[in-house]
Amino acid sequence: MAGLLECHALSKNFDAVAAVVDVNLEVTEGSVHSIIGPNGAGKTTFFNLISGEVPPTAGRVYFKGRDITGLPSHQIPHVGIARCFQRTNIFPKLTVFENVWVAMFSRSNSGALDFIKRVSDFGEIGDKTREIISELGLEEKLTERAETLSHGQQRALEVAIALAGAPTLILLDEPTQGLAPEATQQMTQLIQRLAGRYTILLIEHKMHVVMAISHWISVMHFGQIIAEGGPDEIRQNEAVQKAYLGGRR
Amino acid sequence: MRDRNIFLIVLAFVVIGPFVQPKVIITEMLIFGIVAVANNIMIGYTGMLSFGQAMFFGIGAYVAGLLLKAGMPLIVALPVGTLFVLVLSIAVGYFCVQRTGLYFICITFAFNQMFYFIAYSWTGLTGGEDGLPGIPRPSLLLDPVAFYVFVAVVFLACLVAMKRIVDSPLGLICQTIRENPSRAAAVGYNVKLYKLTAFTIASTFTGLAGTVYAMLYGIVPIDQIHWLKSGDFIFMTLLGGTGNFFGPIMGAVGYIWMSETFSLYWARWPLIMGIVFVVVVLYLRGGIVELIGKVYGSIQRAREAP
Amino acid sequence: MSFLILSQILNGFATGMLYALVGVGLTLVLGVLNLPNFAHGTLFAFGAYFTYTVANLTDSFYLGVLIGPLLVVLIGFVIESQGVRRLYAAHHDYQLLFLFAIALILQETVILIWGPVGFSLLPPKFLAGAVDLGFTVYPKYRLALILFTATIVVALYLMLTRTNVGAILRAGIENREMVKVLGININKVFLFTFGLGAYLAGLAGGLATPIWGLTPTMGFDILPISFVIVVVAGLGSILGAIAAGILIGLAQSLTTIWWPEAANVVIYLIMGLTIILRPQGLFGSR
Amino acid sequence: MISRLSEKLRSLRTMGLSMAGAAALATVMFLPTQSAAEEEVVILGIWPITGPYADMGPLLDRGVEIALEEVGYKVAGKKIKYITRDSETKAGTAARRAQGAIDSEGVKFIIGPWSSGVALAVTEVAKKNKVMYYFSGGTEDITGKRCHKYAFMWAANAWTAMDANLKIFKKFNPDAKSIYLFVVDYAFGWTLQKYVEKLAPKYGLKIAGVDRHPLGHREYSSFITKAMATKPDAVYMINFGLDAISAVRQLYNFGFTPKKPVILSWSAGVEELVQMDPAMRANLQFGTNYYYTVDTPGNKSFVDAYKKKSGGIPPGYAPGAGYGLMKMTLLGMQKANSTDPKKVIQALEGLKGKNFVGDFAINGRNHQTVRPYFVARTKPEDKMANKYDFATIQDISSTEQPRDLNQCQDIGGF
């Protein structure tokens, strides 16, 4: 069975530095697939290659069997891939509603250059926006500026923006980073809730989160995938322990 | 304050203005008000700073002026002039939006200079340094009052149209680009395309204002396409405040009023203008809008205090 | 004809070197400080006026050129430390408004101090008059100017490429964060850069006085040209600014042979072509 | 229900308040200006106070004040209210300020500005508002292609000026064969060039070459090398102000002057000469609409009055023009014994007389002031009686522009 997302020999060099080296990766539809590895292993760069932020030096990316290598970043959402960023990456001066609304509008069939109608005239999009915001527990902050939210709420908003794009695959880059234990747990639960409906590719450092929610784990080290397997396999993998678990914290 | 109330204030200004000041000054305030509001679609909403808007103002004025001189009716001259600017701004904008930040400023500035020198050198067409004279007004608009009403109607129509645009999804998309261009791309928007759209819309309204200006004195002076004029447009916009749709109108009014008033009292009046700008930048980023807000706020507080 | 072309090349170098000085100053400020310095032109004007005043007081043009630009550096320091420093985090629009306001204030100050009427300053005795080069008679001052500015430009280039200070500045152009990370006092770097930019503008102004004279508006005359140089050069490229300055000087004077009216248009043609064919500028990488 | 009503009322009140606020703001900002009282006549001087000709505005204004002081600010039984506006040497701004002053101050007469582009905008405003307009000098369109009933020009006609320049040049350089032209690249420059090309053969002169340069150009080296390659007997300059000064300076740098003469064909005289070092201006011939040593009865009192105000600097073209414009306007009012623009215009048409520049006549057909144009040659430094003793005026008999060259077909009616 072909995976939803397939990377073939994907590489990226920055000048002389090889950030991602010959990565082959397959994400199965409907799974939660985690990528772990020490800082600087090339995980975020790898995400950037998939989401079109930077073009790869070599290799190809296929999504639903279609070659999406080098597609500009603004076309990636339209093939069904949404992304959440490592650093909170929202529109700070816009309201929560507007943050999610634009992402929703982007994927709607309305004319993209529609500047005759008001935002409020798009009733259906507005309703769906509110739905997603409620689902993420932000309904009370609907008309607040995003910059006024707490960090945890901003992370949730980030996920909401991703969901609004009606994706098949969601790329989550350290969704729990910097969150308090309680908020981390909420985020974990949220991801688990989403797991049934979306395919999720996840970068995560907190091992208990990874082990709790992942179906499949790839370990990255110096830009290469050094191990792959289910949570238990990875836990026991020696190479991983040496390269990663042993060396960390 | 709600938009509707502000709109009423603007309306009140348009009606009362010509009774307390020379019509021509209010007329210019309205014409440049269009430009400043349009400019804010770029500066305030999309986060692009163009130092070349005078080229579109001037070209709109030249094209409309030439058509009117050729005997075309108003109904042809103004739309054609505006359309010309629309097409041109797409072409120029295409090159400009490839770059961001300082480079964008430099390129728009440089394009402005290029078109200035074309206008300057192509004397047969534009009159060069002497300006393009003898632009007729349709007989209906010969009377200064009639012309003022015409400009006021154009102004209000532009205002409504631009308000509609910024309240539309496009307006919101522009703001996402201002806030976070890479994120805007990541939710699926072609950032360069939308920047070009904002550039084109702002430039087209600027060009439209130019076509109206051509009829004001019946002449298009060369300084209307000079880079210093582009500077004026930016200052009007920032002076009013970029955080509010209506702010730049106050900027245009305030800027023209200041230059008219200060120049009566001191020969070195640009120095006062400079000081005002410095104060705005260092202490009053929100421009006149912020000033009014602060005054309004302190009045409210004073009223609430026992 | 070939003699004419030779002389025009000489002319092109003389103006081109002045352009290069102004251009390098502007590109440093633009590149390191990421600042649209619309006051650069008026610093050029102040350089000219200070040079004139010092030269008249001391009766020595050389002292004027030595001290005048240094006084401009003081103005630069005041602008940077009292105003610009508070604006690094602000949008370009406010930086631009501020610097333009400074330009207005400075220009009117020139009129307040020196009056609206312009002045002339003759080259020093030693450099007065012209020499016969065989193919043309050429002013000694311009020849000296070419040599002197070439020395300055080379010295500047060496400073920026071979010294620590230069390394820091270039790092600042490439990656501002990196300079901060390296633990360098970024405020000092910015102050120094703004001062250096002001010095180069002032020096160009001072050197230009025997040729272009002094007028209060001279700053606004040179400003557009300096921005064109930066666009053609590529933002932040020092070598590019030098090359673009000379290129534009040459283009201007060579155009005069065949199409004198276009002496100014040609600058913008070059710039237009650059934007279309090589949008990052001749030497730019970004 | 009630709460809704009160909400509505409140929003009405905010609306009312904001409207009132706007009205109040408008009133504060735009204190209503009074228009002219009946016994006053308002004259507007529109001068460059800032911008590239900022040096000229105050001088022009000073000349005007002297003319007004002479009549005690009264004419034809009315008080004179003289107001000024800054043109910034921007045509658009000048048009706005002129129109604004007409609307708010009741201006009936305009004098000024300084440059052609600005004048051509102001003349439109004058025509539209039926306001009399006396232009100092420059573009011949004011009394040519775009003449109209309300516009006059004080300076000599371009033809007259160029003829005088060439005549004097030939007189002092009988062996000269060729001249090289530097021409500022806009309509007025071309006009002067056209006339020089027409007139040169009459004086046995060939045009060795013509270079047009943009207005505001500062770098003349490439033009100079090109000119010198043709070995002309003189460089004949058709440019003004700073452009001319820069070119003179660089011609001197290149060693062209003082070996060979340079002609400033349309010069401001004193205002330009003071900006030049004595060495630079050796062997200069300049033509101007006013030079302070002209020997007429009216001139001496003007120069004395001016020197008192200027700290001893004699007046050049700019103060002369300011004085002359106001004198002519006042003369019209005196002759008409009225301050009605139409009557004043009628009184001026065809008027002949003598004033501080000499014999003058106003051509009724195109409103050109026919008057002498002065050509002077600089004195060597050791011959100067004082530091403002720049030059000696040569023969000043001037010829009027031939009728067939004038483009004012029909000046129209009121």
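By written order: A, B, C and D. Residues from 1 in each chain.
As a working rule, a residue touches a chain if its C-beta (ideal position, glycine included) is under 8 Å from a C-beta of that chain, and two chains touch if they have at least 3 such contacts.
Treat the numbers as computed from the prediction; the structure is a model and nothing was measured.
Comparing each chain's Cα centroid with the centroid of every protein Cα atom identifies chain B as the most central.
Each chain gets a centre from the mean of its Cα atoms; for chain C and chain D, those two points are 34 Å apart. Separating the CA-averaged centres of chain A and chain D is a span of 71 Å.
Put simply, the C-alpha centre of chain A and that of chain C have 49 angstrom between them. Look at where the CA atoms of chain B average out and do the same for chain D: the two points lie 33 Å apart. Touching of two or more other chains is recorded for residues 108, 111, 261, 264 of chain C.
Counting only residues that touch two or more partner chains, chain D has 50, 57-58, 185, 214. Chain contacts: chain B has residues 121, 268, 270 touching two or more partner chains.
A complete list of chain pairs in contact reads A-B, B-C, B-D, C-D. Across the complex, chain B is touched by residues 30, 34-36, 83, 86-87, 90-94, 96-98, 100-105, 107-109, 111-112, 220, 224, 227-228, 230-231, 235, 261-262, 264-265, 268-269, 271-272, 275-276, 279, 286 of chain C.
Chain contact summary for the complex, chain A toward chain B: residues 51, 53, 72-78, 82-83, 85, 89-94, 98, 101-103, 105-107, 110, 112-120, 122, 161, 164-165.
Partner chain D is touched in their complex by these residues of chain B: 1, 5-6, 8-9, 12-13, 16-17, 20-25, 28, 120-121, 123, 127-131, 133-134, 216-219, 221-224, 253, 257, 259-260, 263-264, 267-270. Contact residues of chain D toward chain B in the complex are 14-15, 18-19, 21-23, 26-27, 29-32, 49-50, 57-58, 85-86, 90-93, 95-97, 99-104, 116-118, 120-121, 124-125, 128, 139, 141, 146, 185-188, 214-215. Of all residues in chain C, only 3-4, 7-8, 10-12, 14-15, 108, 111, 115-123, 129-130, 136-139, 141-142, 210-213, 215-218, 221, 252-254, 256-257, 260-261, 263-264 touch chain D in the complex they form.
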